Each structure stands twice: as C-alpha cells, then as structure tokens.
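Just so it is clear, A, B, C, D and E label the chains in written order, and each chain counts residues from 1 on its own.
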Amino acid sequence: MSAPAEAPATGAFCLALLRRQLTLAARRPIEIGNPLLFFAMVVALFPLGLGPAPDKLAGFAPGILWIIALLSNLLTSETVFRSDFEDGSLEQLLLAPQPLFMSVLAYIGAHWLTTGLLLALVSPVFALMINLPGQAIGALVASLLLGTAVLSLVGGIGAALTVGLKRGGMLISLLILPFYMPVLIFGSAAVQNAVLGTPAVPYLAILGAMLCLAIALAPLAIAAGLRISVDA
Amino acid sequence: MSSGPSGEPLLAVHDLCLERGGRELFRDLSFEVRPGHLVQVDGPNGAGKTSLLRILAGLSRYGFEGRVERHSLLLYLGHQSAVKALLTPRENLAWHVAGESAYGDTEIEDALNKVGLYGYEDVPSHALSAGQHRRVNLARLYLSRSALWLLDEPFTAIDKGGVAELEKLLVEHVQRGGAVVMTSHQPLRVAYQVTMLSLTDGLPA
Amino acid sequence: MYFDSLSAALSMDGHGAYVWSAYAISLLVLVLLVRAPRRRQQMFLRQLAGEQKRRQPGLTAKPEVE
Amino acid sequence: MWSFFHKLGSPPWLFRIAGSILRWLLPVTLVALAVGLVWGLLFTAPDFRQGNSYRIIYIHVPAAVVALAGYYVMAIAGAVSLIWKMKMADVAMKACAPIGAALTFIALVTGSIWGKPTWGTWWVWDARITSMLILLFLYLGVVALYEAYDNKEAAGKACAVLSLVGMVNIPIIYKSVDWWYSLHQPASIKFTGESTIDPSMLYPLLWMIVTFYALFTCCLLMNMRAELLEREARTNWVKKLAAENRA
Amino acid sequence: MHPVRKQRLYLVLFVVLFSSAAAGLVMYALRGNINLFFPPAEVAQGKAPVGQPIRVGGMVLDGSVQRSDESLAVAFTLTDYQANVPVVYEGILPDLFGEGQGAVASGVLDEQGVLRASEVLAKHDENYMPPEVAHALEQSGFDHKGNAK
C-alpha cells in the first residue's frame, strides 16, 4: 500500500466549493435575478398601499427596505442545500474528511455573494424609489452588507434543519424569523439614525457583533442540522 | 503486493443491531475489514443492506446499537450519483464535494476516458444520460485515494462491458492494499476471494 | 379576606374586569394544558387496544360479552 | 457508564416512576394552585399605588419565570440528547415545548391585561415583552419542526439543535431590562439583599412560583408518558398496558 | 497531533476568536449612545437632538401638572432632580400617572426645549406594598422606597 492518502487542505477544499457554488449560480442567472426582482416589486407595492406621499414614504423607508431585504433572503435561504440534498451531493459532503463546519461556510458565503451582496449594492436604486434621504444611503448599504450576511448564516440553520422535509418552505420561515428580528431592529435603526443625522456606527457595530457571533456558532448548528437531515 | 487480507483493520464493527419499523434487521453483527478484503453484502430486498452501508459510512448515526470504528479515509457511492447537471463532468470531479478533490486535469481526463466518457469532459452534464451520470460517479473510483470503498449497488444502470471493467478495478484496488465493501444482487465474477456477508431477512418481532 | 363583600371582590375598585379576565384566561389555558396529555394517552391506549382486539382471531365477529 | 444510562433511559421504568410521582404530585399541585389563586385574589391587600390590578402579578410572574426556566430545561435536555444520544432526553425536550408555549402565552396575555390599567397601554414594544414574544415563537417553532418530521428520532435531534440555537436569545431576554431602558420594573425578588416587595405580598407570590414549577413538572411528566407510549407502541410493555387498559 | 483532536482545537479557537470579536463590538457599540432615551439632565445639557423622536424619562415634578379644562391637553414637567424638562401632551393619561411618579414621554423636542409628547407612559417601580404600609412609612418619615427623607 502506498503512503496514506492525504486529503486536500481545508482552505483549498472550501475555495473549490465556493467556486463550484458560484459557477452553479452563474449558470442559472435567473435565480440570482429573482430576489432582486422581488425586491423591486415589493418596493413598488408600498407606494400603492401607503399612498405615494413622498414624506410619508421617506419616514417608513428604512423599515420597508430592511423588511424586504429580509423577506427576499428568507425566500432564497431555503434553496441553499436543497439541490445538493436531492442529488446526493450532500451525503458526499458529510463524508468529506475536511471539517463540515468550514465547508458549510463556503456554501453560506456563496449564498451571500449571490444574494445579500448584490442586494446591498443595488439597494440605493430602490432607496431612491421610496424617497430615502440621500445621507442614509451609505448606512443602508453598510447595514445590508453586514446584516444580510447574518441573515444568510441564520437562514442556513433553518435550511439545514428542513432540507429533508417535503414541505419545508413555510416551516423555515417560522423557524428563523425569530432570529431575524434582532437583525431587523438594528439594521433599520442604523438607517433611521443616518436619516436623522445621528451616528449609525454603534448600530453597525452591533450588526458586526451579530455577524461575528453568527460566524462562530451558525456553522456548528448548520453542520448538525445537515447530519440530521441526511440521516432522517 | 499482498494477495490476501492482512494488516491493521480499516474498519471494525462491534455488536451492531438495527431495528427499523419494529423489525429487527440484524443483531450482534461484528466484523473487521482489512486491506485486501473484498466484501459483498448479500440479502433480499429490505434486509438492511443500504442501511448497513450508511451506518458503516457514518451517514446513519443513530437508530442502531453497536460501535463502528473507521481507521481510514473512505469513499462511499450511494444510490444517488451526486452529479450536478449544470456542471460538466470535468467540473463535477474537480470540485467534488467529497473532499478528495485535488486531482490534476490529466488525471480527470484519464478517469473519464476509463469509464467511457472520452470526449464528454466539457459537455454540460444535463446533456448526458442517467447511465453516463453513473459513469461520471464511477470515475471517482479511478481517482480515489481512499483505501476503503463502500459501494451501494455499483452495477446499477451499467452495461455488461462496464460491469467487467468495474470488477477488474475492484480487484486491482484490493490487491493494491485497499478494501471494498459492496452490495450487489449478482455474484461477482472475479478471480479473487470474495468474502460474503449475508443478511437474512429478519423475522417480524 | 381583604374584600368586604362579594361585589367588592368582583369589581376590585374598577380593576375587576382586568384581574378576573386575566385569571380566567390563565386558568382556561392551564386546564387545557393539564388535560391534553391525559386525553392523548387515553386515546392512544384505546386505539392500541382496538388493534389488539382486531388481531385476536375469532373474537372479531363476536360481540363483547360482559 | 452505558448501563447507567440504559437504566435511566429504560422507557417502562421511566413510565412507571413518572406515574407514581404524578399520583401524589398532581393533586398536591392542583390544591396548591387553588390555594394560591384564592390567596392572591382575595386575601392580600392591594398595592398602595396600583390598587387591585397588581393582583395579576400572582399569575403573570410565575408564568413568565417558569416559561423561561422551561426553555432552559428544553435546551439542556436537547444538549444531553445530542451529546449522549439519550432517547429519554429527546422525549423530555419534546414534552417541554407545548408547556413552555402555553406558559409564555399566559405571561404575555396577563401582562398585556395588566399593562392597560398600569401603563395605559395594552402592548408596548418594550424589550422584555418583545423577547417574551420571540420566546413564544421559538417554542412554537420547536413544536412545528417536531411535527414536520416523520422520523421522530430525527425530529428530536433537529429540535434539540433549534432549541440550542434559541438559547442565544435567553440571555438577551434576561439582560434586556438592564441593557435598554424599559417600562419593566427591575426584579422585585432578590436573593441577595432585601426584596422590595412587602412580605404579605411576597409569600403568595413565592407560593405561586413554586406551584407553577410543580405544575410544569406535572405537565412534563404527563407529556413524557404520553410520548413514551407512542414511541414504544410496538414493544411488549406497551401492548400489555393497552391490554390491561382494555380489561 | 491526532487529526480529530487538531480539528476540535481549531474549532474551539475559531469559536472563541469570533465570539470575543462579537463581545468587543458590543462593548464598542454600548459606548456610543445607542438608545434614544434621555434623562432630563442630558436634555438640559443639550445632548438630546431637536426635531427627532426621543424618549425622556423621569419623575413628574410635584405641582407641575396642569390640565386643560376644554380638552385632553395636559402640561407637566419631568425631573431627575438635576434638571427639568417641560412636556406637553394631548390624550388620555394612564391611571398610574401622577405627581411624584415616574413617567416616560416619547415625542419630539422643539426649539424652546419643550417635549411635544405623542405618548406618555407611567413607569412603576419595583416596590409593592399595601397602602397601610406605605402610609405607615410616610408617617415615620420614610419614602416608599424605605429611604429616609
């Protein structure tokens, strides 16, 4: 027997996974576009529902934008592990010698890059549609960058726990919305403060803290959830 | 080159009991798999062959009693091919989620050649047939650096020529010092000693 | 007893509606909470007993005799 | 080690023990509950400022305290089930969720009713109330997730993960009063230093808290018994029990 | 080191590293004024922003409550015994609202330093006692918190 086989290093493996996930997303551009389209359409619903008075809309804008970002994240979170579960890739991933909590970070990272990041980058356009004052745009983008990463990580937990269930869609919302609430509070508070001209940085710091905590703990929960789902 | 099982066990199973739906599938199952072992798990439908393999692989972690010790990297091929339709066979192997994925380009081409997918390296996998998907999956066996292979019905949807190739590969692997545990309904036609592990249908409890 | 009369206890200086409704709702929930597992257990045992009855050959057609 | 767990985790043994505990604990608890309710409703003096509306404290505070403690019980049982793969921990965890949800619901409803005469509003988005609402959602999430799985063993593990993740919320609930300014008063019962509640009001409150803990235990044991029967439906001891029940 | 042990060690390091980063960020955030709640002293020092929703909490100054005869309008002063903030409000006040009691008013501070409240909530403290006890305390020269006056 030759020398014991060495599996590739964790970092290299995670990069390969990230490339794989990004390539998969890029081959289905419509799936990247859908959340953005959803965002645009729901933004358009609010003036129709609340009346188009610009100052009224501006008052609600931080909350509206954040709630839509949250919902569009919710809709995509469910799909993170779905196709891999269905074609058997997920069980192969569980058997990989590299630590699972690192490889799921690659999955979540790819999810964030194709949803949250893009959403944060295009959000100024939607912000202008509902009269968010210009000085708050920076805080909006920054809070969405940090906040959607937390949402992706937390959503991953819900996705991992429900991936084996036939009707996971509604359930995942019930499971993870309670965990989305703090992110929503501080995300919209950051934007609200920027609108009022008070510093948004403390709120962004809290979002950063949530992100750190989520990076530390969510992969463990996701890994555990995936092992259960594959075993069920 | 060793011709018979020897050396430290790659896999050890102690007192394994499995019950599903109130039915005992097997009880007090103990065995060791050493380098050079070619084990065929045999038994009627529903005897727990797939369950056993999933327990050995570590995919099933509860619902059974007993202990499984794994001492080597392992490669598990299940019923599903784990081939992504949106990726080409080359990408599927290069970025494979099983974590053995540091293969060179020529290695991948070689392996695809051996499973009869020469020229299909860069065709999107959704253009391939179900049998070809399985072949992409089997190409992993040519690339594998794991000593222990756990194969669940590897011959499904493979034509006669492919089965013969595969049998040759299995023997080469165990002769190199690897070990194979596989489930199959058809007897293996190999010039090598096959260890049979028969799961008889458990009696209703 | 703190209150002088039943009506004083019921009205509680105008807070009676709040206090009594809070207690009533809580008691209702508690009663449901305590009863649920008992009912569930009884239902299950009855269902299981029925299954056993069906499995016993010969008894199925016969009516229950005390 | 394993044999100890096996004894502790033996379903018929647990079923029997839980039954014999319930035989005396449940009646005692129900009597204590009745005594506490009458005591709090009729035999204590009203608060010098809130008047009689404060009597809701005797049901609001115990429910809230035990609802929170119940989450800890659930999460710890979940952790035990994940780490030591103990089936009985699974059963206990599953049994906690509906009880916790009911108690959280009581705490929220009574708090809301109490808030109207005291604060002048049915509901405020105060940190502690909001956290309590989230606690209710967490409990309901566990119930929903459990029901969604066909494989009950997998369901138990999945719920254990979920409840452990939810644990992150609990310190926030406890600390929220200190972190954010809120309408909620600081804790009245202190184990260090003097309580800021008059003894004539403190004793019935403590009585009710203990009673609610006992009630939680009763419901937990009853739920566990029901759950055990369903999980062990195919075993002989359950079949025997059903046959006895029929006779 | 055994690979499984090594993996566990990395895992623990990873969790500790990110958790402490989270703790650090929370500390940093709490140094900034994160909630929009101000005691009257800070309002007097001009720390509270004008023209945006804030909350001011304190005690209602004795003798400061003036109710309008025709409408529900009410004016009172919140104090923390260091500074006072005048508040105007129109609406129904909660039962517990009263002079010498705690209250929280949320609204907008105008140029004159008057809080135009949109909501007034009574805050009750953590002390519970029967009226006789409270009365007895008053008589013997203590306030209801048991502090000597």
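By definition in this document, a residue touches a chain if its C-beta (ideal position, glycine included) is under 8 Å from a C-beta of that chain, and two chains touch if they have at least 3 such contacts.
All values derive from a computational prediction rather than experimental measurement.
Enquirer: Going by the stated contact rule, which chains contact subunit A and subunit B alike?
Expert: D
Enquirer: Count how many hops through touching chains it takes, at the least, to reach subunit C starting from subunit B.
Expert: 2
Enquirer: Are the chains other than subunit E still all joined, and if not, how do they split up?
Expert: Contact components excluding subunit E, positions unchanged: one piece.
Enquirer: Taking each chain's centre as the mean of its CA atoms, which one is most distant from subunit E?
Expert: Farthest by centroid: B.
Enquirer: From subunit D, which chain is the farthest off, judged by mean CA positions?
Expert: When every chain centre is compared against subunit D, the largest gap points to B.
Enquirer: Between subunit A and subunit D, what is the gap in Å from one C-alpha centre to the other?
Expert: Once rounded, the distance between the two centres reads 33 Å.
Enquirer: On a C-alpha centroid basis, what's the spacing between subunit A and subunit E, in Å?
Expert: Centre-to-centre distance between subunit A and subunit E: 35 Å.
Enquirer: Using mean C-alpha positions as chain centres, tell me how far subunit B is from subunit D in Å, no decimals.
Expert: Between these chains, centre-to-centre, one finds 48 Å.
Enquirer: So what's the Cα centroid distance for subunit A and subunit C, whole Å?
Expert: Chain centroid spacing, subunit A to subunit C, equals 45 Å.
Enquirer: For subunit A, which residues are shared contacts with two or more other chains?
Expert: 213, 217, 231
Enquirer: Among the residues of subunit D, which are close enough to touch at least two other chains?
Expert: Touching at least two other chains: 44-46, 51, 117, 157.
Enquirer: By residue number and range, which residues of subunit B touch two or more other chains?
Expert: 62-63
Enquirer: Could you list each pair of chains that touch, in label order?
Expert: Every pair of chains meeting the touch criterion: A-B, A-D, A-E, B-D, C-D, D-E.
Enquirer: Can you check the complex and tell me which residues of subunit A touch subunit D?
Expert: Contact set of subunit A toward subunit D: 157, 161-162, 164-165, 167-168, 171, 174-175, 177-179, 181-182, 213, 217, 221, 224-225, 228-229, 231-232.
Enquirer: State the interface residues of subunit C toward subunit D in the complex, per the touch definition above.
Expert: Residues 1-3, 9, 12-13, 15-16, 18-19, 21-23, 25-27, 29-30, 32-34, 36-38, 40-41, 44-46, 48-49, 51-53 of subunit C touch subunit D in their complex.
Enquirer: Considering the complex alone, what residue numbers of subunit A touch subunit E?
Expert: 99, 101, 196-199, 201-203, 205-206, 208-213, 215-217, 220
Enquirer: With touch defined as at the start, can you tell me which subunit A residues reach subunit B in the complex?
Expert: 1-2, 4-8, 12-13, 16-17, 19-20, 23-24, 27-28, 83-84, 87-98, 103, 227, 230-231
Enquirer: Can you tell me which positions in subunit D touch subunit B when the two form their complex?
Expert: The contact residues of subunit D facing subunit B are 85, 153, 157, 234.
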